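Here's the structure, in structure tokens; my notes come after.
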Amino acid sequence: MSLILGIIVVTVFSLLLLAMAGDKQKGNIALFAVLINAVLSSCIAIPALCGSSFEQIFYGGNVFGQIAIRADALSGWFILLMNFTMLTGILYGRRYMKHYENPPGRNPEGSANLTLHFASYIINHFAMIGIYCVQNSLAFLCVWELMALSSFILIIFEYGKFEVLKAGINFLIQSHIGIMFMTLGFIWVNSRAGSFDFNAIATYAASVSPAVSFILFLCFFIAFAIKAGFVPFHTWLPYAHPVAPAHVSGVMSGVIIKLGIFGILRMLLLIKGDFLALGYFILAISVITGVYGVILAIIQHNIKKLLAYHSIENIGIIGIGIGLGCIGLGLNNPYLAFAGFAGAMLHTLNHSLFKSLLFYSAGTVYQATHTLDIEQLGGLIKKMPQTATLFLIAALAICGLPPFNGFISEFLIYSGLFKGILESPLISTVFLVSSVLGLVIIGGLAMLCFTKAFGVIFLGNERHQLPATVHEAEFTKLFPKYLIATLIILIGIVPQIFVKAISGPTALFTGKNILQQEPVAFIETLQAVSLAVIALILLSLIIWWLRKMVTRSAVIVESSTWGCGYAAPTAKLQYTANSFVRPFRKLIHPLLMMNKTENALIGIFPNPVHSETHPYDKLERVIIDIPLKYLKGFIGQFRFLQNGNPQFYILYGVVFIFIVITIPLLMNALAYLNELIKQIGQ
Amino acid sequence: MSIVSFLLIIFTSLFFTGIVIRTKSIFSGRKGPGFFQPLKDIRRLFRKGAVYSKTTSFIFQIAPSIYFASVLMAIFMVPFGNQPGIISFQGDFIFFAYALALGKFFIIISALDTGSSFEGMGASREALYSLLVEPAFFILMGSFALLTGHTSFYEIFGSLHFGSYISYGEGTLAAIVLVFIALIENSRMPVDDPKTHLELTMVHEVMILDNSGFDLGLILYSTNLKFAMYGALIANFFLTPGYEWYYSLPIFIGVQIVFAVIVGTVESFMARFRMNHNPQYIFMLTSISLLIFIGVLILKKFV
Amino acid sequence: MAQFFSGMMGSYLVGSFLISMLLFFNRNKLVNYGLTILFMVLQWGLTIYEFDHLNVVDFQYFSPDSLAIIFLVVLSILCVPAIYHSHVYCNSKAEIPRNRGIYFSALVVLFAALSAAYLSNHIAITWIFVELTTLSSSALIYHRRNSRSLEGTWKYIFVCSISITLVFIGILFLSIAVQRTGSTNLFYQGLFNSAAGMNVFWLKLAFLFIFTGFTCKAGLVPMYTAGIDAKDKAPSPAGAIFGSALMNVGFIGIFRFYQVIGPTSIFEWANKIMLITGLLSIFVATVYMLRVKNLKRMFAYSSVEHMGLIMVGLAAGGIGRYAAILHLVLHSFAKPVLFFQMGQVYRIYKSKSIYDIGDYFKYNLSGALVLLFAFFTVTAMPPSGMFVSEFLIFRALFEAKHIWIILFIMLLLTMIIWSFGKNIFKILFIKPIGFNDTDVEKISPFESLSQFILLALVIYLGLFPPAGLVTLINGAVSNLPK
Amino acid sequence: MTVILLAIFAVTLIYLGVANRLSSYISVLAVQGVILFGVAFIELIEINWVNLVFILLETIVFKTIAIPYFLKYIIERNKITRDSEPFLPDFISIVIVTAIIIASFLLSNAIEDPHLGKIFFVASLSALFTGLYIIVTRRKIITHVMGFLVIENGVFVLSLAVGNEMPMLVNIGILLDIFASVFLLGIFANKIGDIMKEQDVEQLSNLKD
């Protein structure tokens, strides 16, 4: 109780403090609040992760009934990774927000906006801790919505711009749809089992047929999938991420969408249905998600939108892990289960790391250059080498390349998939192979995408006149990124430690029995992997050193890039992001929807023409825009009602009475006719 | 003893391209350069100084080394018959592929680093082709994993042969696929023509236009290494572990030579595909390997 | 006469009548203040008196049962901020004494009529006081004295008169049915006792007419129409009352008769009608929420939506009845917040159209926060109290096996939230076009205090309802059939 | 006797359907007042005389004299054109009104109820629906008021039907009459004339969405 009380007190107190403090201090206050809350919640999380679950139940009035606060290993794992990203987020954000501070007294709504922002940051952290711990349906809904609303306010920080607000509302509505589905599920369980406690879900799900429990799971799955951004529930995500401030985008992509993953895992723990079917379902949707996400990511030229689509892709990878785990449970093959769930959870951590790093770097680039359109950037590596390096590390990690963390989780999932191919019946083999295929394609496409992103943003020459003041960010801004980078490399080099840590939460799924042997096998493999990784690094260093030795005496000449005979190459001649991905875009053209505006060249000496392409999400068009259009059209049919003419208002009443009287009569008449026909029939 | 495969690959790499060139010159009726001409060129390059573009950054400097290191790393994984590679673990072929990918990543961004339109073009093509090749390799390994019930190079090849003749059939088919993969990975005919003189039609060569001196040497030599590595992989399908080295060794060498000759032949008798035909050609490999997989599936699950 | 003053009720009616008269003729501002405060005291006196005389018949025609007490308390709570904001409103417009006097006397009459209508235990008496509310509120609607407000008033009176006539016809039918049973007793209790023996045909007709008539006050399909104009044209504080207490009166009219037919065989039929009406109301609300650009009208339509939800909950039965009344109470606290705040908005922008309003966050911070939180509350997002009642309503529907209806309602609610949110955030954050902020009235945060309190009340009552409220609500729905 | 009166009442309704001058509407209303006076007198003869006097006063003074005069006054004051502009041609109106009467006749035949004189039911229902019909199909607001008054008369007839058991209801009905119609007409007389000249519904249909 004391810990929870502490967290609440800290939150409230810091909010009050925030309201009073000056702009300069707000960031630090938020930092301290998050820090203390992080420490307190870790005090719950770490023991939970080690296996001693935390449980407290207190009475929350006659509406909520008993509110159970439980933190098992799963919660522990997620709380820890959430805390880390929230910390780096605020560390970075309080510097990022310096741009928006204003001297005391001037522009009060500006500072009020700042207060609102940091307050929602704290509340968001608080709410997420709640989401991981609270196990009472109503209370869960409350903290969930608290999280949604606070992140909404976080998103719309730069509310002056129209598209920001639009994206924010889009986010709000879709998360509300999620809430609706969740509510439906909870109502279902509550009205059957009569309790708000999550254990009621388990007992109810156990008491019904697998098909029914599958529907129940589906209900929750949709709710959480909207938050996590599984295709086709992803459409809010590419709007919300780009418009938010960089640290918020990082946090959203890093932890907030992971709430969806957590929810799905939690429901898997509670609803023990037909795991094989669940596994196939999740696997299928995840592969689609991953591939679709990365395909759309490649054609984006707004750096943050690109990253947002990559979040969808990574959610897909995590989903593949979960699906694999479910299949493992279904075939009660502990190896698969372990590989799947461990891979999924580790990738959750990894993604939260490198994605936040990417977003922070993007934010730094944005604040330096005031543009997110990568076609206008270039050559930044010379002006901001540290940011570039950090971005490169994150990019390599997200492509799942050794020696970084992304590789480890993908390796786990891969080895699980291959193992599964060996040891499972035909149908699941087919599923597994197709997901191998999917995973490989995802990896390859991610590589294409990030070579493009990194190359076009940081390498070559500026494609566009950048403000002269582009320079490296100050250390306080870089520090959190370095923290993340170290962790990324650490996981890449000594994965076995982290996998040991995950064995706790994974055991919840696989059951205690296999906890002994399986992780051990994995640990051995991973030790070998880490060996290989270290070898790779050493090898590179050795060759680098050799190169130095050999070329020490050689003459080094500086010159302009070889223009293949063309004497005066300009920055305009460089390959653009668009042209870089053009062959790919041509390949998958049917999947895409490129709104292209170009006017043809006319005459022998044509005037300069301007052409631009705007990629649009085809799925969104199909499943959101078009139905919404028809719905609005239908509803528009009824706009005659309030036509300002009192005669009609009277008429409505008369018609109502008339209809209510006549319809039963008609019914009777029909029934009578029916009888008559029957009689004739006889 | 696990070092042996590494040594063998290094050894064969020394005159692999030599053989290729010699084959080509024979077919074209020329008296070509000596076997070791390529090596001589590379040695010269190693000694030479270098020209660096003002546009480039440190990426351009480190990329070749990492590329080379990644290839070496991949070679560490390759076994020799019943001799495991230097590093071998469950699912090492995943590491194998990803290590190569790492090298490719760096070579691509180093091409972009020069800010030259041609190199960007090459980079784009290289990235696309390599991402199209990957699935074939993974499905191939998957099917052999399924066939043998193991998930590491060494175990797969170790236990490949105690099967029926079918496994040899699979092996041959797989060998063909691997040959193609090797051709693409090393950007040879029919996907790419290393000897063309028009940058617009190059893939790999145009990426390394600006590399010179030691770096260029590294890149060129890593090509040899890659050839030898894939040759070794192919050879592994036909090695007969359990027998003594004096059977395995000749087989290994022979396979490597045949492979080199095939490459040479293809290059002398085929024209390069049109650029926009390359993707479907490459993706065809994936379909073939899927066929292999289905074959294996039938073998294991139905029979 | 003695019996007239025996209870509190008689003196209350007389007192409020006198006060309203005085207000009508008085021209002095301070006296005006004093009289309104006096009335508040009277109102609260009545409330407290009736509260501890639960179910004690007072002055023969009034008996404070649980439902009446709930609504009376709600009304008395609302009456304080309403009168406060009315004063603010009048001062801000520097109202001429005569209009001020008319306004307040009408307001007092409205309050008195509402209280009486809540408390009355005789269908005809309820009817009379409901008629009285129409008349008094039309005076309030007409307060601005321009052609639009006149039009609003005209429509309101006209439609209300027709609907009240319908109610009267219903009562006549009812009396026919009653005569069948040989009694002439129109007290709710008497009706309830003799209902089982009544002629179904007449009872059905009676219910149909009475229901249709009262939908006008309750703001439900089919007769919701005039109420929209009324809420739009009346001054914001009056609009707040129209949007809450006045709708409660319509509800109470329906609910009491609903109770009466509880024991009869037409109960199911009545449930069907109410369910359909509720759904139609939500639908109509959605149609116009997507369309309207006038804030007050938007709020009015959202009231229609909530009343529809309440009807659905009532029809669903089970826990839904409890939820319906809880929702009604919470709505009566939440909706006035928006109307009160609207008064401040209007003072800044001199307009109610979304196109002219914007960037409110800049001009009135506290007000903007009120709007933000009120939006979250009214759209029933957890942890708003209304979420709990909505949750329970959905649960009742679920238990009544109306899954498709749940999905339908959820769809509509989502669309409502979407358009509501779009407009609210436009107001809060997007810069208005052609609005010069040179001489913007600075509004003190203190004016928003009452609204914050009401919002807090909504959350508190929703999440941690005090035992008293729970027992009252359960008492109110107790004599409905299981 | 009652029957005859109510029959005449019904006939007046039909006449309303075709009348196209406001003046004739007013006279019809006056006539109806007289008829109601008669009916009330016959029906309620046995209830206590205070009530009776009150009711009779209401019918004769209010319905027959005051309101028609008031209406005339308004029409002159606001210079309302004397034509009641219907949306529908008279022929259709008369058909419809007749249909209404027949329908209510059939409907009330469907009910068997000893307590209720069917004829009352017929008259009141037809008055009710005719009133609604007039409201819906006439353009001028003043005609709406008249339609409303017709409805009131219908309700009054209905209340008479149950009146001898429950006089109180009759009084309430009268209350309704007085309240509503005075109020409507009051507004009409004072305000609408001042603020707007044209009394078209179009004029008063600005509040809409």
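Labels A, B, C and D are assigned to the chains in the order they are written; within every chain, residues are numbered from 1.
The criterion applied here is as follows: a residue touches a chain if its C-beta (ideal position, glycine included) is under 8 Å from a C-beta of that chain, and two chains touch if they have at least 3 such contacts.
Owing to the predicted nature of the structure, the values given are computational and were not obtained by experimental measurement.
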* Asked: What's the overlap between the neighbours of subunit A and those of subunit B?
  -> none
* **Per Cα centroids, the chain farthest from subunit B** => D
* Asked: What chain pair has the highest count of contacting C-beta pairs?
  -> A-B
* Distance between chain centroids, defined by C-alpha means - subunit C, subunit D (Å) -> 31
* Asked: So, what's the distance in Å between the C-alpha centres of subunit D and subunit B?
  -> 100
* Asked: Approximately how many whole Å separate the CA-defined centres of subunit A and subunit C?
  -> 44
* Asked: If you average the CA atoms of subunit A and of subunit D, how many Å lie between those two points?
  -> 69
* Multi-partner residues of subunit C (at least 2 other chains) -> 154-155, 158, 162, 228, 288, 291
* Specify, in ascending order, the residues of subunit B that touch 2 or more different other chains. => none
* Going through subunit A residue by residue, note those that touch at least 2 other chains and give them in order. => 639, 642, 646, 648, 650
* Structure fact -> Chain pairs that touch, by label, are A-B, A-C, A-D, C-D
* To do: Please name which positions on subunit A make contact with subunit B in the complex.
  => 378-379, 381-382, 385, 388, 392, 396, 399-402, 407, 411, 414-415, 418-419, 421-422, 425-426, 429, 433, 436-437, 440-441, 443-445, 447-448, 450-452, 454-456, 458-461, 521, 524-525, 528-529, 531-532, 535-536, 539-540, 542-544, 547, 550-551, 554-564, 569, 571, 573-575, 579-584, 586-587
* Structure fact -> As the complex stands, subunit D meets subunit C at residues 111, 113, 115-116, 128, 135, 141, 144, 148, 151-152, 155, 158-159, 161-162, 165-166, 168-169, 172-173, 175-176, 179-180, 183-184, 187, 191-192, 195-196, 204-207, 209
* Structure fact -> As the complex stands, subunit B meets subunit A at residues 46-59, 62, 64-66, 68-70, 72-73, 76-77, 87-92, 94-95, 98-99, 101-102, 104-105, 108-109, 112-121, 123-125, 127-128, 130-132, 134-135, 138-139, 141-142, 145-146, 149, 151, 199, 209-210, 213-215, 218, 275-276, 279, 286, 293, 297, 301
* subunit A residues touching subunit D - in the complex, by the definition given at the top -> 639, 642-648, 650-651, 654
* Contacting residues of subunit D [partner subunit A, same complex] -> 132, 135-136, 144, 201, 204-209
